[in-house]
Amino acid sequence: MADYNIPAELMEALKGKFSGIEIMENGDVIVPAADLMAFMTEIKENPDTAMDFLTNLTASDYKDRLETVYNLVSITHGYTLTVKVKLEDKENPQVPSLCPLWDGASWQERETYDLMGIVFTGYPGHPTRILLDDNFKGHPLRKDYQWEGGREA
Amino acid sequence: MKTETYTLNLGPQHPSTHGVFRIILELDGETVVKATPVPGYLHRGIEKLAEARTYTQVIPYTDRMDYMAAMLMNWGYVAAVEKLMDIEVPERAEYVRVIVGELSRIASHMIATGAYGGDIGALTAFTYTFRDREYVLDLLEMVSGSRMTFSYFRIGGVAADLPEEFFPAVRKFLGELPAMCDEYDGLITGNEIFQARTKQVGIITPEMGINYSLSGPTLRGSGVNYDLRKVRPYGIYDRFDFDVPLGQNGDCFDRFRIRIDEMRQCKRIIEQALDQIPEGPIMAKVPKVIKPPVGDAYAEVESSKGVYGCYVVSDGSPKPYRVHFRRPSYINLGYLGKLCEGWKIADVIAILGSIDIVLGEVDC
Amino acid sequence: MGENIFVGIATWLRGLLSGAGVPDMWNDTILLVVKLVAILLFILVNALWLVYMERRVCAFMQSRLGPIHVGPKGLFQTAADIGKLLGKEIILPKGADLLVFLLMPVVIFIPPLLIFGVLPFGKNMVAIDMNIGVFYLLAIASLSTIIFWAAGWASNNKYSLVGGMRSVAQMVSYELPLILALLGVIMITGTLNLNTIVDSQKSIWFVFTQPIAFLVYLIAGMAETNRTPFCLVEGESEIIAGPYTEYSGMGFAMFFLAEYANVMIISAMCTVMFLGGWLAPFGLDFIPSWLWFFLKMYLMIFVFMWVRWTYPRIRVDQLMGFGWKVLVPLALANIFVTGVGMYIFRAIGWWS
Amino acid sequence: MFGQGLIKGLQITWGRMFDKKQTVKYPFEKIEMFPRYHGRFELDVDKCIACGLCANACPNKVIQLEKEKVDKKQFLTKYIMRIEYCLFCGLCVEACNKDALKFSNIIDMNQYRRSWVRLTLVDRPAPEPTETPEEETPAKEAKSEAAAGQAPGKEG
């Protein structure tokens, strides 16, 4: 399997620009929520990386934190990059919206908000529910979500 | 002349929304002023269900997403778990995967082609493609035992080896496939009325396509050469020689035509795979109870609708901690609202059909 | 032998009535009523048969068999369907104009009934031999527009409304090329009497002398009957069923049957105006004239079905553009050419 | 352009009119299913050791089985499949070590009532522990057959 990670020297340059980021062994990048917008703008606009395609946007609920995951692809260079943002505040998780950079983030952010309850600040308007009913209570993909009902025994 | 707009609720019960899907149209006469797509009528919470199942038990649920190309849906999930566990899939299993996956893609594109003809009004095309799709389903039934929701892939390989009678049958089908494609071309693609309806309608520029994270034939119709099988070959796709059909204008016609061309390319891939397929095991050495190490993995495959990705998080237990599916139909649909503005009601149907959605996948 | 079978029945009935001492005036009236009832029955039975034929033709073109279970070769399928539809509840939409809503499926049958009265089905086989047959026919045929529109309006449904509006736009636009196409024939024959028009095709059918008019008529006729590629009024993939969206059970079936009655009229008119009506081609006189008429009519109907199950649907703005920018100028050009041709032919004495 | 495509289309549909038809007159003629077809479930009671692997493998908890211990061996008394929830994925058949649970080629599993859909493959009382199994097994077999036959949903 070929490697499609961003070359190490480019990652070093990024690390130099954004001191807050943390680069994992497998090439994933953990970005603080405050730096996310600047980081994403940098890797999208910089012609060396040119991460122009936001493939996937999702979130995961861990015991101590929520984590948003962004999978980016550069169509020009063929690089892939996974960016993660850790959100310690589980009660009121907030992360900057990527809608100004990619319109494709819009529906994915709505889905993440709907199922995981992460609020994307800067989303045009407030993100609304997309898959569930507007009057639905709770965010079902959270681990503490309890649902009563189901089929009869 | 001053006119008032009115709201038309297209769906959730509508013949050509390809399922239960709603578009709220604000119309000025017949012209769309604003279109708001409303998905979610088929949401079954597969991602949540998966958290209560073991890794193998999730596979049948992935079938239910894009039930038109269920093999490819299996593949994406299985690939992610294999990536997480670092499993090397045996050669023969990889070839079997390619063969059944491409057959599934043909079946899916046949539906897309026929259903699009049906959307535009040519109902005969619809029955022709469904008739021919039955041959593909026969082949896949021979292999997996089911006609639509196959659950054929397993983590580390496939459920069963290809039966003996499969090989002559698939060769026979591939021999007939070009004639089938020619028939669709003659009946639909070449038709002047069809061209008038679809050419220069619903144009997606390459920039907008990338910006909206579109993928699959929807993006390639705009001329962006982004096919995972070529760009980042997964499995053994780097061993095959095939072309990626591209459109020029990014209109409905290009998106439609690409699917027929892709069927022809699928034929090439399957033929090469049939020639090269080695003997050997079809399952890797995988423990009975699958317990991936703690961590996460994201794997992508090129499904018939676009880039199908699967994000799996493991906490070391036999059940996945979190599964997320990147469904191509869902993300392709995100552009629909913008795309429909300024077109007629009939064009909304044409544009929606050209994106080729499956609601099981959109709502997951 | 079978040539005068219907004429014979009429004479026999007349004789029977005068034998029974019925005065002549009543005699005529009774005969007229009998003729009209026969025509109504004819339309209904034919429409049923056409629904069956459409389903079979469609199925055969789609590599299927179609209805095969009810009756021999599924022949009674439509009758069974009608039976089922009669048993269905008629759902009345909220806020609908009930009077109009319920009246329209019945009224829809009036124009076909009126028209069939003047069509010559065979030699001496016309219920009412009218001098201004063509004019009457066109005038009545355009009535159905308002019925579709009223049905759409009364349903209180936006799909129905869009469909009704489309039907008005489409039918009014395509009426013009339809009439202009017939004008060429009328110029040549110099009469509006349908019988005379048929008679004047003895030497050559007008489809050969007026090919452009025939083509324009065929296309405009497809549009008039709302059939693919011009089935925008129903447009099932866009606006569900247009004006019929809210109709259920027999109400829907009535519209459905009326559509086939309209197809019959357009085909019959085509037969009369262009295909030589009941005239037998190649001197095949042993087949009765009325059979020839039906053969030609069904040929035309088959063409309509063939086209329907092959082509996709056109868009509403393209429909209007095609009608006004292509068909109308074409029909006008045809009239011009016909006029010039008639003048030249007369001048050189080929045609009196 | 200019109508060539239109005429081509008419040719294709005309050609198809006289082609071989695809319709299978279903209740009167049936297509042979492939050997691997996922049809109705069949359980070979003799082979079954009531281990419950199939029930564990099922993603949707379709299989319910009850067993009793008779002479140190597990004896299967009840085996119910709630087909209304079944995904027909085949994981249960794959999980079966003893080759007892299998797919058949029977496709008509439709019922008039939802409650009839449930498939009772085994429903029999456990044998008395003191009796010797050699003499009793055939009689019990016949009984179990009869019981299964009476149970709703046995026959399509």
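Each chain gets a letter, A, B, C and D, in the order it is written, and its residues are counted from 1.
Assume contacts are C-beta pairs under 8 Å (C-beta built on N, C-alpha and C of every residue); 3 or more make two chains touch, one makes a residue touch a chain.
Nothing here was measured: the structure is a model prediction, and the numbers come from that model.
Distance between Cα centroids is largest for the pairing of chain D with C. Here the spacing of chain A and chain B, counted between their Cα centres, is 24 Å. Chain centres here are Cα averages; for chain B and chain C they lie 45 Å apart.
Distance between chain centres (mean CA atoms), chain A to chain C: 63 Å. Residues of chain D found to touch two or more other chains are 6, 9, 12-13, 16, 22. Shared interface positions of chain C, i.e. residues touching 2 or more other chains, are given as 61-64, 309-311.
Shown for chain B are the residues that touch two or more other chains, namely 124, 128, 131, 187, 191, 193-194.
Taken chain by chain, the contacts fit none of the simple shapes, being neither an open path, a ring, a star, nor a full set of pairwise contacts.
Touching chain pairs in this entry, ordered by label, are A-B, B-C, B-D, C-D. Those residues of chain B that touch chain A in the shared complex are 39-40, 43, 45, 47-48, 208, 210-215, 224, 226, 231-234, 296, 298, 300, 307, 309, 311, 313, 321-322, 324, 326, 330-331, 333-335, 338, 363-364.
On the side of chain A, the complex with chain B involves touching residues 1-2, 4, 52-56, 58, 60-61, 69, 71, 75, 78, 80, 82, 102-108, 111, 115, 129-133, 140-141.
The touching residues of chain B, when paired with chain D in their complex, are 53, 56-61, 63-64, 124, 128, 131, 134, 138, 141-146, 149, 151, 159-160, 163, 183, 186-187, 190-195. Residues of chain D that touch chain C in their complex: 6, 9-10, 12-14, 16-17, 19-23, 25.
The part of chain D that touches chain B in the complex is made up of residues 1-6, 8-9, 11-13, 16, 22, 33-38, 57-59, 87-91, 94, 103.
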